[in-house]
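Presented sequentially are two complexes of subunit A, the first with subunit B as partner and the second with subunit C.
Up next is the complex of A and B:
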């Protein structure tokens, strides 16, 4: 049987490539979890005695068996590892079994006795706000709130020529990664090793150690490679229960979630209800913008506060608004768990805001592109919440590459329309977030240069980006580099792989580590060669003399590696700002999009024909990688607008597998053009991440294309074909 | 029940419950993990294997059905024969995280080897049973356009 996967590049085309959920260990037990069938219920009695006596059962665990912390979370530890007295969602874990075979584990679950008392169900955020609603958390159902005001919106509305007011609803979108959540926990003499796809190995280690009351040094987490995440594995999933069962039994344990478990309890994109009242003068000058945000975070906080903060921070877009009022509420419900997903809160407000902008432009008879250019904030102006920025988002550079959308047309039974959108989104975390990142550069005993980074490759190409950017900075060939990701036994804490920060962090951390590493290499070479370090440089294959025409290095890296190990650890300074109101980012990336859709007048279906994305990328590590990221972005955006939504009536997800939830297939694919803005005024911040921004720009451009084609306002996503047909039937 | 079949060219024999699915037999019993269990209902295609040369979702095949037959996973494909196809998939960035890759490669290889070979439009349609969440299918479509001329 096999242990951890080999430390090769994240290359799934190589035969034998294994994900962490493919791992197995000698004597491994198989785990299964007893989950709540109720959206909201009290646990009156829980009896696992019979299950403990079942054949093949090694251990049965309940909350009472947890030696340390009972709950986890980011800002607030409000989610139980195992529920003791109350469940807040279908799928909440109550007890867990590890047995010799998966079938024995499942059989033991059936022997657990639970007496439930069903409680009233809060199906969504609106229900949770009603007077007399059951209270899900000690501080009430509102888990986080935001408010921001500038100028006087009422005064702005009073002098406005045009006001557009509407309510937009965005769907609970599923991440839809192909590898469901899972973990393998292996006890050993060195402590407990957890192999599980994740985003932030170091934080996962700390939380698991806290749960087991262990010294974190006795816990090792390997979190990369990841078989798809899109944010869905950016919080603990199967790791804690697998770790607990392994800890209690002293044997390796594998816990793999089924797709049904993933859908019931895994996180989803937060459904938002967004009220916007936006106004401009007769000449198109924006005047006032009032925004009310309501986000359904489901049973527990998860990333909810950060998601709401991000929505709040992006509610104004890259525009000048003299008068602004934004408020937001994050509310708990009994409908699963909402959490991190690419686009992260900003996507929801972008789809609403960019439709408002288009509608205001139409109201005053200005073309959509001209309207945006007319109201664009200056590149050097403060950010949306008044913060000083580390660099401009350069949204203006993306905007100037937009082409005016052609007029809509009819092709047989199809209505064709083109829409545009312009957005900006923060990179990294807001003030106070885990913005630090360490990296280590090493000369391995085998004579290779290793980059050690605590972040994970989710398929976004971090492995490749790290190799390319390190090779560029160090002057060696990228093939000579080894990249080791997300293994707490060796990699430093680089913070989470999230928030589009990977590429920029790698650039900045390598820039921080490279001078000391190169100096150490050259000093050692100077000693060996008996010539000054200033006459030497690192190049392909080893150490070369500067200004030489030689065709071989003076000293190979293998020869240089003899002796003491060489490792340089350095950190990238956090990019934060002390100015502005609330949880603000200091760095934003701009992106523009054009989208063409065809709406079928017979079926009401929306078909995406073509999308053009214009991200402000700065320096590009890999063009093929950039295009691949943006193609993925555009597809997830198309799903968000045209196909995907997971309603949870009465707190029960309407699908329990991939047959009940439509994601784009190859038959839904469309052409994507990429026109990246690479030439931006130089700064030290490195390449801008594009792993999310393409979704944020493409989705509202698609909404605007639909409205251009049909006049249909995308108040509720995904677009319901029935609603479209009704609209088309009513339209003249 | 004892089931004997050929797995990736090697004879294997394993105990299986009558209703057990091939994907569980492969992944849990035989440590053949290149087929991925994405949904268990034949929708995502990540567990596709070749059964006597034809692609099938291993999650829909009961164990008894493979007795005496030839099962080939992505890891059991002939690498030399596969190399040109993989080269194109790599150049076109068909996959990102790669969890869907083994099932997609098995299916694509079978389509590519099929006589007569489907054209690109037909091959695309036949790949609609293999879900990929990362790529938006751009790279896969470019690869298919080159491989199925």
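Up next is the complex of A and C:
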């Protein structure tokens, strides 16, 4: 058996890299899933008898074959592993086959008899709210709601000099990772091993054990490395069905989603409809802000409640509003599955809010930058929902690096404009989330120092960040470190790799574990060397004497490793607050952005020319990693604003392949300046995560650049070139 | 339910290829477009792989005319120095077709025969001729599905404009691909205008009404609205999930008007 990939092969660009689902095992079966062709239908009859008799078929599973839990979900377990009586979206799974060959598995699917009764389709959140709409979930179609009020918005509007009111719509965006969803499940004497890209191996293990009614100790999940995710593999995907088929057949099973399956059933960014009414006084002082949020979560809750909470929490931005009223609804529909995607919830409201801010500034004749500085909340003020913060976001430091946008200009057929934006976004999870993170530091028998962490490398460089930060904290060389990620057989639970928390978690968890680990190392060295531990230190290559000019260690790590294994487990405490209203974060990251676009007056197409991102990063673990993260952020933002969107008319995704869903390519790449704010007042929280915040800042800056260039308000993203041409009028 | 696996023939001569075609085979070379229609089990019908036909992978400049073999790849043609020197707009168009990996496989003949290829409107405007087993024919007269051996591009006109409008910077489906050739009379008015449109879902063809609209006009006197109406009225612009037909015609008219004005100003 080939098993999991070598621990060092975390970088897809390094020869020898293998995706987890490239693993093969002797006697491995190939799986295929029968999926609903209907957006909404009852299953009147499901007959798999003929399929079970097909050549090469080892097992056919339906919901009735699941021994344990039938549904899963993050906050609400409302998504069936296999649908028994009703499907809520195209692609919902109803039966699964494992056979000797992929062709035999597909042939068996065709032999499954399903009698469907199509039901009325709720194509989007608005349809799901209409009176008489079919009810998709026992508690109704509204799966989550939020409300927050401060002051009296109507009183604020009554005395306002300027009010901007509008409705903004944001698109269903797709992650577009290279490696589609998939899983390999391998039964063995010690239990079931699942190799599948994911964000949180421990939670995946718990859910799979619950589904199979197994002791979690009998399930092992290896979830790293990941061939791209951007949040799209943050929830279970192919793992449960692969595990079920392996469990039932007693044989290894590989289940790979096709790109078409990934597009139909993989999660997407939540489409939002955002109504904002925002007001300021004649001198530009912000007065009142009323926000209504409507999010389409598709068939099941998935990350929807967290997404809505995040939108709700960020609807005010880093500004002072005396009067605020925010309400939000998360609504189920028959349009696929919405879920986690980088920057979620906050991105949608940031694009609306920052356009409102620019439009208010224009209404009262104040420059956009001056307007923001004038209305910025104090760094030490409570958070947007009144919560006490663990540390300021220091958004002000980013704001002060912004330059006033130059006026728009015409260059031949192009209209050029520059926009700015200022945002902050929570890091880690709101209170009650899986904020604790454990880490283990080990001296391996081979004399290497191992960092064991339950989070995954999604391609963002967690592996490198962990090695660099551990070496920095411990004083050894980073090449003496080995990092093991997301393998429940060995790594402790660190919570999910999500919410921009990876780098900060590594920093804090290593800080928590390092004193005890170093003490254990030096105590052992002191015994071996016969001198006090206080005279020793860990350095490159091993144990060194302090206060000497020696140029070699006294004791190598290999020599020190002889004897009993040495492992220290420690946890980073959650950063949470008990103050404030609702699901609030205690730590925010600030980021500012400048963006320049060129709008083609002949075609209406928007081209991104330049983006400057100013994240408040604090200490930087890896400059290459920081830049790579922000390049990804800026590109995702550019796609969100100018190109990407997956409409689902009548509940059917418009594309079934990447030729129908256009994302920016390398030819669309633009100049990116990164100007990270590294020097912030010191605290114990470590580097701030930049995996998402660049999207949140760049997207609204692009919207504002488009408006600056053309006067076009980005009410609906991505910008439709036809709408732009209509706005521009006659050709120049 | 398992599909019958497809059959791939490898004719070595034009006669063998034509025989395969008469027997129902689909001609293929780079297969970049054809394979899009295949399922997991490959082609269902018979494909005649033309890559074994000799002598069709060359480009030759004969006087002022360019002769391009049907098996010349799009990338090979893009890198042709004679093309870049004499027909720079056509050379530039090639960089907007597919991605490099596609252009390295896709053939000139295939791009034409596919029907949705971006080369077609450009070649129509250029009055290019196809080399077929039956001899040289005008592109518009080519019977779909029949064998193409090469393309002949006539001498470069005084004015040549080609633009493919996509949705992103590269590797994009076409919104519209628009091409025009013209001369200018002594008074600076457009003469002998040829306008062709195609790309993506659009039905490629010359647009006589658009040609008539601008023939004899001073470029600055072209009315964009009337040109757009002429382009839209031809019915070549298609509506699909990405854009309306009216938008495609509007963009084509704006591009043409702009190109004529720029040429007049130069």
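We adopt the following convention: the second predicted complex is superposed on the first by the 727 of 732 C-alpha atoms of A that agree within 3 Å, B and C clash if a C-alpha of one lies under 4 Å from a C-alpha of the other, contacts with A are read in each partner's own complex, and residues count from 1 in each chain.
The rule we apply is simple: a contact is a pair of C-beta atoms (placed from the backbone, for glycine too) under 8 Å apart; a residue touches a chain by one contact, two chains touch by 3 or more.
Source: prediction; values computed, not measured.
In the superposition on chain A, no contact is made by A:382 with either subunit B or subunit C. Applying the stated contact rule after C-alpha superposition, one finds that A:667 touches each of subunit B and subunit C.
Touch criterion not met for A:447: it reaches neither subunit B nor subunit C.
In the superposition on chain A, A:605 makes contact with subunit C only, while subunit B stays out of contact range. Shared-chain residue A:711: touches no atom of subunit B or subunit C.
By the touch criterion defined above, A:631 lies against subunit B but remains apart from subunit C after alignment on the C-alpha atoms of chain A. With both structures placed on the common chain, the touch criterion links A:103 to subunit B and to subunit C. In the superposition on chain A, A:659 makes contact with both subunit B and subunit C. Of the two partners subunit B and subunit C, more subunit A residues are in touch with B. Of the two partner chains, neither subunit B nor subunit C is touched by A:68. According to the touch criterion, the shared surface of subunit A, contacted by subunit B in one complex and subunit C in the other, consists of residues 102-103, 659, 663-665, 667.
Interface residues of subunit B facing subunit A in the complex, by the touch rule stated above, are 17, 24, 27-28, 31, 33-34, 36-41, 43-44, 46, 74-75, 77, 79, 86, 89-90, 93, 95-102, 105, 124-125, 127-141. Every residue of subunit A that touches subunit B in the complex is listed here, in rising order: 1-2, 10-13, 15-19, 22, 24, 30, 101-103, 175-180, 225-230, 256, 258-259, 458-461, 624-625, 627-629, 631-636, 638, 657-659, 663-667, 669, 671-672. Every residue of subunit A that touches subunit C in the complex is listed here, in rising order: 102-103, 106-107, 110-111, 413, 601-605, 607, 643, 647, 654, 659-660, 662-665, 667-668, 721-722, 725, 730-732.
Of all the residues in subunit C, the ones that touch subunit A in their complex are 1-2, 36, 40-41, 99, 165, 167-173, 175, 224-225, 241, 243-244, 247, 250-251, 253-255, 257-258.
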